[in-house]
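By letter and in written order, the chains are A, B, C and D; residue numbering begins at 1 in each of them.
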Amino acid sequence: MSVWLVQMFNSLSVSSILLLIALGLAITFGLMNVINMAHGELIMIGAYTAYVMQNLFADYLPASWFGAYFAVAIPAAFCVSFLVGLALEAGLIRFLYGRPLDSLLATWGVGMVLQQLARTIFGAPNVGVKSPEWLNGGLSLGGSVLPYKRLFIIGLVIVTLIAMYLYIYRSAAGRRMRAVMQNRQMAACLGISTRRVDAMTFAIGSGIAGVAGCALSLIGPIGPSLGTYYIVDAFMVVVLGGVGKLLGTVAGALGMGVFNTYFEFWTNASLGKVLVFACIVAFLQWKPQGLVAMRTRSLD
Amino acid sequence: MPWPAEEVVLSLEKITVEFDGFRAVNGMDLSLRKNEVHFLIGPNGAGKTTMLDVMCGKARPASGRILFRDRIDLSKKKEHQIAQLGIGRKFQAPSIFSELTVEENLALSLQKKKGVFSVLFARRKEEDARAIERMLSTIGLGEVSGRRAGGLSHGQKQWLEIGMLLIQEPAVVLLDEPVAGMTDAETEKTGELLRRISVDRCVLVVEHDMEFVRQFAGKVTIMHEGKLLMEGTMDEVQADARVAEVYLGKRRDADVVGAPA
Amino acid sequence: MLLKNATVRRKIVITLAYAAVVALLACAPMFLSDFRLNLLGKFLAYGVVALGLDLIWGYTGILSLGHGIFFGIGAYCMAMYLKLEATGAGRLPDFMQWSGVTSLPWFWEPFRFFGVALLLSVLLPMLLALLLGFFTFRNRIRGVYFTILTQALVLIVVTLMIGQQAYTGGTNGITGFRHVLGFSLASPSVKNGLYYISAAALVGSFLLCRRLVRGPFGKVLQAVRDGQNRLRFLGYDPAKYQMFVFTVSAGLAGLAGVLFVLQVGIISPSMMDIVPSIEMVLWVAIGGRGSLIGAAAGALLINASKSGLSETYPDFWTFLLGGLFIVVVVFLPKGLFGLLARLGARMKGGLGDAMAGGRGRAVVGEDHR
Amino acid sequence: MKRKRTKRFGILALGAGLLLLAGCGANNSANNGASPSASGGSSQPASSSAASGSPSASGDGIKVGILHSLSGTMAISEVSVRDAELMAIDEINAAGGVLGKQIVPVVEDGASDWPTFAEKARKLLTDDKVATVFGGWTSASRKAMLPVFEELNGLLWYPVQYEGMEKSPNIFYTGATTNQQIVPAVDWLLENKGKKFYLLGSDYVFPRTANMIIKAQLKAKGGELAGEEYTPLGHTDFSTIISKIQAAKPDVVFNTLNGDSNVAFFKQLKDAGITSDKLTTMSVSVAEEEARGIGADVLAGHLTAWNYFQSIDSPENKKFVDAYKAKYGADRVTDDPIEAGYTAVYLWKAAVEKAGSTDVDKVKEAAKGLEFDAPEGKVKIDGDNQHLYKVARIGEAQPDGQFKELWNSGDAVKPDPYLETYDWAAGLSGGNG
C-alpha cells in the first residue's frame, strides 16, 4: 500500500526531473530545430555553478548565510548557462539554422570541448555539493518519507513551466519569438530583429538547462561527464511529446517517468530502461509526430 | 487499349475528406473523361487542392469511392502505386529535384519499372535517350538539359515538372495552378503545352486565373465549401447566378492570395 | 579538340591517382611498423563503415546514429567464433565460467564455424537494419526523428548486451583470441594478411558503393534525399530504396566489425555505444559527405589524427579534435574533401575551364535531412 | 566534369592522409631505431622476441608507460591514480632513479574505451618499447590489455581491487582480490551486523562476479539474500531501488555500485530518511576520493572495505599523504587505488634493482616474494599469482570525509584470486582461464 504511494511519488519525481532537463531542449530543439548535443554540458555548467556558489558562500560569508547559497545558485546557474548559450549561438549556432543534423554534430564537438574544459578547471574527480539545511529531510507521510529535495524539484519545474508559459505566450518578447519561429521572413518584414530573437531564444533554452543542472546537483553527481547521463533521455522526452509543443514535452516527461518507474519496479533498472525505450520506439512508429502532434499541410 | 472518346477515366463519388473534424470536401462528385481539359475552380478553401490530393493518394477520403477505369479503387492504394497506374500530379510549387540535372530529372521519371532491383540493373536504352530528347524540345528546355535543375527560372521549373509528368505518358494529368507566378509570355507558352498534351488523356487543372481558363473551351467544375456548385462550359458558368454570388463575394481573396489553397 | 584533350588528360590523372592510392596501400607494410600497420588496418575497417554511412547519409539523406550496433553485431559474431576457437572444444569461454553458465548456450553453437560466423556477421546486421527500416521508413519517419530513434535503438541494444553478461561478456566484451582458422593472430604474417584483407575490403566496398551511387539508381537515391514525397508521385516507393541502402550500409558496418575484431582483438559494448556511433558519422561529415572517397579518407584522417593527437597531447587532445569537428561541420558543410574540390575548382577557374554553375554546388551546403 | 575534378582532389586527399600516416609511423620507428642502446642491466640484448616489447632503456632513462583514462567517464577515478604514479616516478628520479637511470614516463590516454586501452598498450610496448606499464582501472580495460601484454610479453601493473578469477603471467595486481576485501567484509558483516543481505551493484563484471561470490558465501555461512539489483552504468535515479530496499528490509546493503552512481545513491538514500544507523551499507568502490564527490556529510556513518585508508597512522603513510598533498594541492585526498598505483611503481623499482635489469622475465623472477613498506603497511608479492599480500580493513566514513578503521585482519591476507582455499567457493571459478 505505502509502497504504491511512494512509487507514485517517485514516478512524479522522476517525471519532474526528466521535464526539467528536457524543458531547455524543448525550446532549442522544439522551437528552433537545433539539435543541441551540448545540452547535457549546459546542465553540467549549471551544476558546477552550484558548486562554485557553495564555495563562495563558504569562503566569504558567515556560516549562518550558507543555507542561502542554493537560492542564489539557481538564478546564477541560469545566468551562466544563459551567457554560455548566448556565446554559443553567436559563434556557432547561427551558422547552423536550417541544418539540424549538422547542428547535432557540431554541438557534439562543443560538448566534447566543454567536458574537457570542466576537467581542466575543476579536476577530473566529482566535486561535492553540500545541500542547504532547509532542503534536508523530508515530509513524513504514513511511514514513508517524501524528500524535500524532490518536492523542491517538482515545485521548481512547475515554476519554470509557468514562467516559460508566461514568457512565450503572454509577453511581447515571447510573441516576437513565436513569430520568428513560425515565419522568419514575415517576422523580419514586420521589423523584428530575427538575429536578436534567435540569440535570446537559444540563450533562454540554455539557461533553463543551467537551472536543471543546479537542481540536479541536489540528488546526483557533479562531474565533467554529468551531461552524458541525461542527454538522450532529454531528447526522448521532447520527441515523445511532440516537437514544438510545450504541453507535449510535459506529457512526454510524465509518460516516460511513470513507465520508467513502474517498469523498473517490476523488473530491474536495466530492463526497465530497455522496456521504456522499446515502448518509445514502438510508439513513434505508430505516431511519428509524438503525443501532441502539430499539424501541417505542407508537403515536406 | 482503345476506348470510346467519352469514356470516363476517373470517377469520384461522394468524396468526403476531414482534417481534425473540419470537412475540407463534403460529398463531392467528379468524373474525368478522356481527351478533355477539365477545370476545377472555386474560391479559396473550396477544397480544390484537397480533391487533387485525394486523386493522387496524398489525402485519404473519410468516405466515398475513387474508381479508375471503372475497376480499380484508388482509395486503398498508396501514392506510388497510383502514380504507376498512370495518374500524374503536378504540385503548385515547382517540385523538381534541384540537385539533379534537367536531363536526369526526366530520366528519373521515364524509368518504366520503378522497383529497387529493376532500377539497380537498369540499362539506359537508345529509345529512352530519344524520348528524353523529344520531351526536352516539347518543354523547350533542350538548351539547358545539362544544367542543375535548381538553377532554372521559375517558369522553366514548372515546364520541367510538366515534362516529368508527361514523359510517363499518364492517362490522367492533375495540375495545380500551373501558371501561378508565371509571366504573360510563360503563361501563353504553358497554355500551348496544355493544349498539346490533352490529346489522348484527360487533364484536370485547378486554376485561379480566369483569363487562362477562358482560353480553353473545356469543361468547368465549380466547387464551393467542399461541395459541387455547378458544372458546365465556361459560358454557362459565367451566366450562373450562384457562381457570381459565391465567386464575386469571395473574389477579392481569390485574387489577392492565389497561393495556398 | 581542346576539350577532348582535357578529358583525356583528366582521365589519365584520375587513373594515376587511383593507382597511386592502391600502390600506397599495397606498399604500406614495407615502411610501417607492425603497430602502425595494425592501426592502419583498423582505420581501413573504419573506412568501410564510413562508406556505408555516406551511402545512406550523403546520398540518400538518412542519418543513422546507430551504426555502432551494426558494426558491433558484426564484430561480436566474429568474436564469438574467435573466442570458441581460443577456448577449445568442450570448454566454456572464461566469462561464462565466472558467470555460472554450465553449458554453451544454443545460439553460440553456430559460431563454432568460421564460415557461419562470417556470414552471420554480415547478415545479422542487415536483417536488423531491414527490420528497423521496414517499420520506420514505411511509416515515413525520417530526418531528425529517424536519427533520434536510432539513438534509442543503440541504448536498447547496448543495455541488453551489458545486462546479459553471462552470454555476451557484459561490459568487458569478448577478448583473448588466439587463432583464426588455425593461424595465430599474433604472427606478423597473419597480421599482414589481415591488413591486406582490410585494404581489399575497403576497395571492394568502395566499388560496390560506387556502383550504387552512379547511374539511374544513384539518381533515385539523390531524389529520395532531396524530395522523397515528390518521388512518390513519380511512382517510386522511397521506403523500399531507403530500406535497401540502409540494409547494405548495415552489412558494410558488419563487415567492418569483422575486420576490426580480427585486428584489434577485442569487441565490447563501448564500441557500439552512442559516442562511437556519432564519431562514425563525424568521419563522414569531416571527410566530405556525398563523396565516397571523402568519406573513406575522412575515416582514415580522423582516426589517424585521433591516435596521433592523443599520443602527443594526452591531456588536451579532446580540445583539438572537438575544435576540428566544430570548425569543419560549421564552416565546411561538404567536409575537407569539399574544400579541396573548391580549391581545385578555383585553380581550374583561373584556366577558364570551370563551368559557371559548377562552383556553387560544392560551396553551398544544401540541407540534407 | 565537376564530379571528376572533385574526385581527383579526393584522391589527392587520401594520398596525403596515407603519407601523413606513413610519415608518422616512419618517424616513430626512426626514433626508436636511433635509441636502442642497451640499458645498464640487460646484458643480453633482446632475448627471443626482438620486436616484442623487449624492454629497453634509452641512453638517459628508462621508459615506462602510464595508461589511464584521462578523458571520458572513467577519468573521474583514473586521473588521480596517474598523478600518484607520476609522483612515485618523480620521487624515485629525485633519489637517483633506477639502476642509475632516470625513469621517463610515457603518458597515454585510454579514453574510457577498452579497445583504446588495447591500442595504447600495444603502442607503448612496440613503439615506445617501455620497460613496464602502470595502468587500467576497470576490469574491462584490464581484460582488453591482457592479450596484448601476453602476446608481446610485456609487464602491466594494475592498481585496483577487482573480482579475481584471473592470474596473467604478465600482470602484477597491486589492488585487492576478492579474498582480501569482499570475503572478509562479508564475514565481518555476518558477525556484527546481521544475516539479511541486499546486493546492489552497477551492471558490469565486477559487481556480478562479486555478488556471485557473496551469494555462495552467504549460503555456506547461514546468511540470507534479501534482493539483488543491478543498475546500468551511470544510473542516477535510485528512488525506485530505495523503495525496493525499504520493502525488502535487509540488515545490510552490500554496495558494488561504480563511480557516479554512488553519488546519486547515497544522496538519495539520505533524502529518503535512511541513515547509517537505520541501515548498514558496505561499499567496496567508495574511497576517500569518491567521498568528496558524494559529500562527507552524506556518507558519514556508512561502511567501506579497503586495504588502505588515508587515515592510517604510520610514518610511510604520513610521508605519502604529505607528499601527495604538497604536489597536487592540500584539498586532494589519497585512497586505496591511488596508494596501490604509487606502491606499484616502487615495487617495480625494487624488482628491477633486484634483477639488475628491466627485462620482463628477470623482473618477474626477482619480484617473487618481494616485500615493500607501503603506505598501507608491509606488502609482499605472491610469487605464484603475482598479487599482493594485503591487510583487509573495514572503515566507517567520518563527517570530515575520512574513514575510521573499525577492524583489520591483523596479518596480511594471502591473495587467492580463485578462492581455492575456501570450501564454499568450490565450483565458482570453474577452473582457471
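As a convention for this text, contacts are C-beta pairs under 8 Å (C-beta built on N, C-alpha and C of every residue); 3 or more make two chains touch, one makes a residue touch a chain.
None of these values were measured; they are calculated from a predicted model.
No other pair of chains has as many C-beta pairs in contact as C-D. Set against the Cα centre of chain A, the chain with the most distant centre is B.
Note on chain placement: the centre of chain A and the centre of chain B lie 47 Å apart, centres being C-alpha means.
Per-chain Cα centroids separate chain B from chain C by 43 Å. Note: centroid distance chain A to chain D, computed from Cα atoms, is 35 Å. In terms of their C-alpha centroids, the spacing between chain A and chain C amounts to 33 Å. The set of chain C residues that touch two or more partner chains comprises 159, 162-163, 227, 229-230, 318, 361. Shown for chain D are the residues that touch two or more other chains, namely 70-71, 203, 230, 232.
Residue positions 91, 95 of chain B are each in touch with at least two other chains. Taken in their complex, chain A has these residues touching chain C: 33, 35, 37, 92, 95-96, 98-102, 104-106, 108-113, 115-117, 120, 232, 235-236, 239, 243, 270-271, 273-274, 277-278, 280-281, 284-286, 288, 299-300. Only residues 70-73, 75-80, 203, 229-232, 234-237, 239-241, 243-244, 246-247, 259-261, 263-264, 267-268, 270-273, 289-290, 292-297 of chain D touch chain A when the two sit together in their complex. Chain C contributes residues 10, 13-14, 17-18, 20-21, 24-25, 28, 31-40, 42-43, 92, 94-95, 97-100, 159, 162-163, 165, 170-173, 175-177, 186, 188, 264-268, 270-271, 276, 288, 291, 293-294, 296-297, 300-301, 304, 307-308, 310-311, 314-315, 317-318, 336-337, 340-341, 343-345, 348, 355, 358, 361-362 to its touches with chain D in the complex.
Chain C makes touch with chain B in their complex at residues 212, 215-217, 219-220, 222-223, 225-227, 229-238, 240-241, 244, 357, 360-361, 366.
Of all the residues in chain A, the ones that touch chain D in their complex are 3, 6-7, 10, 13-14, 17, 115-116, 119, 123-131, 136-138, 140, 144-145, 147-150, 216, 218-226, 228-230, 261, 264-265, 268-270, 272-273.
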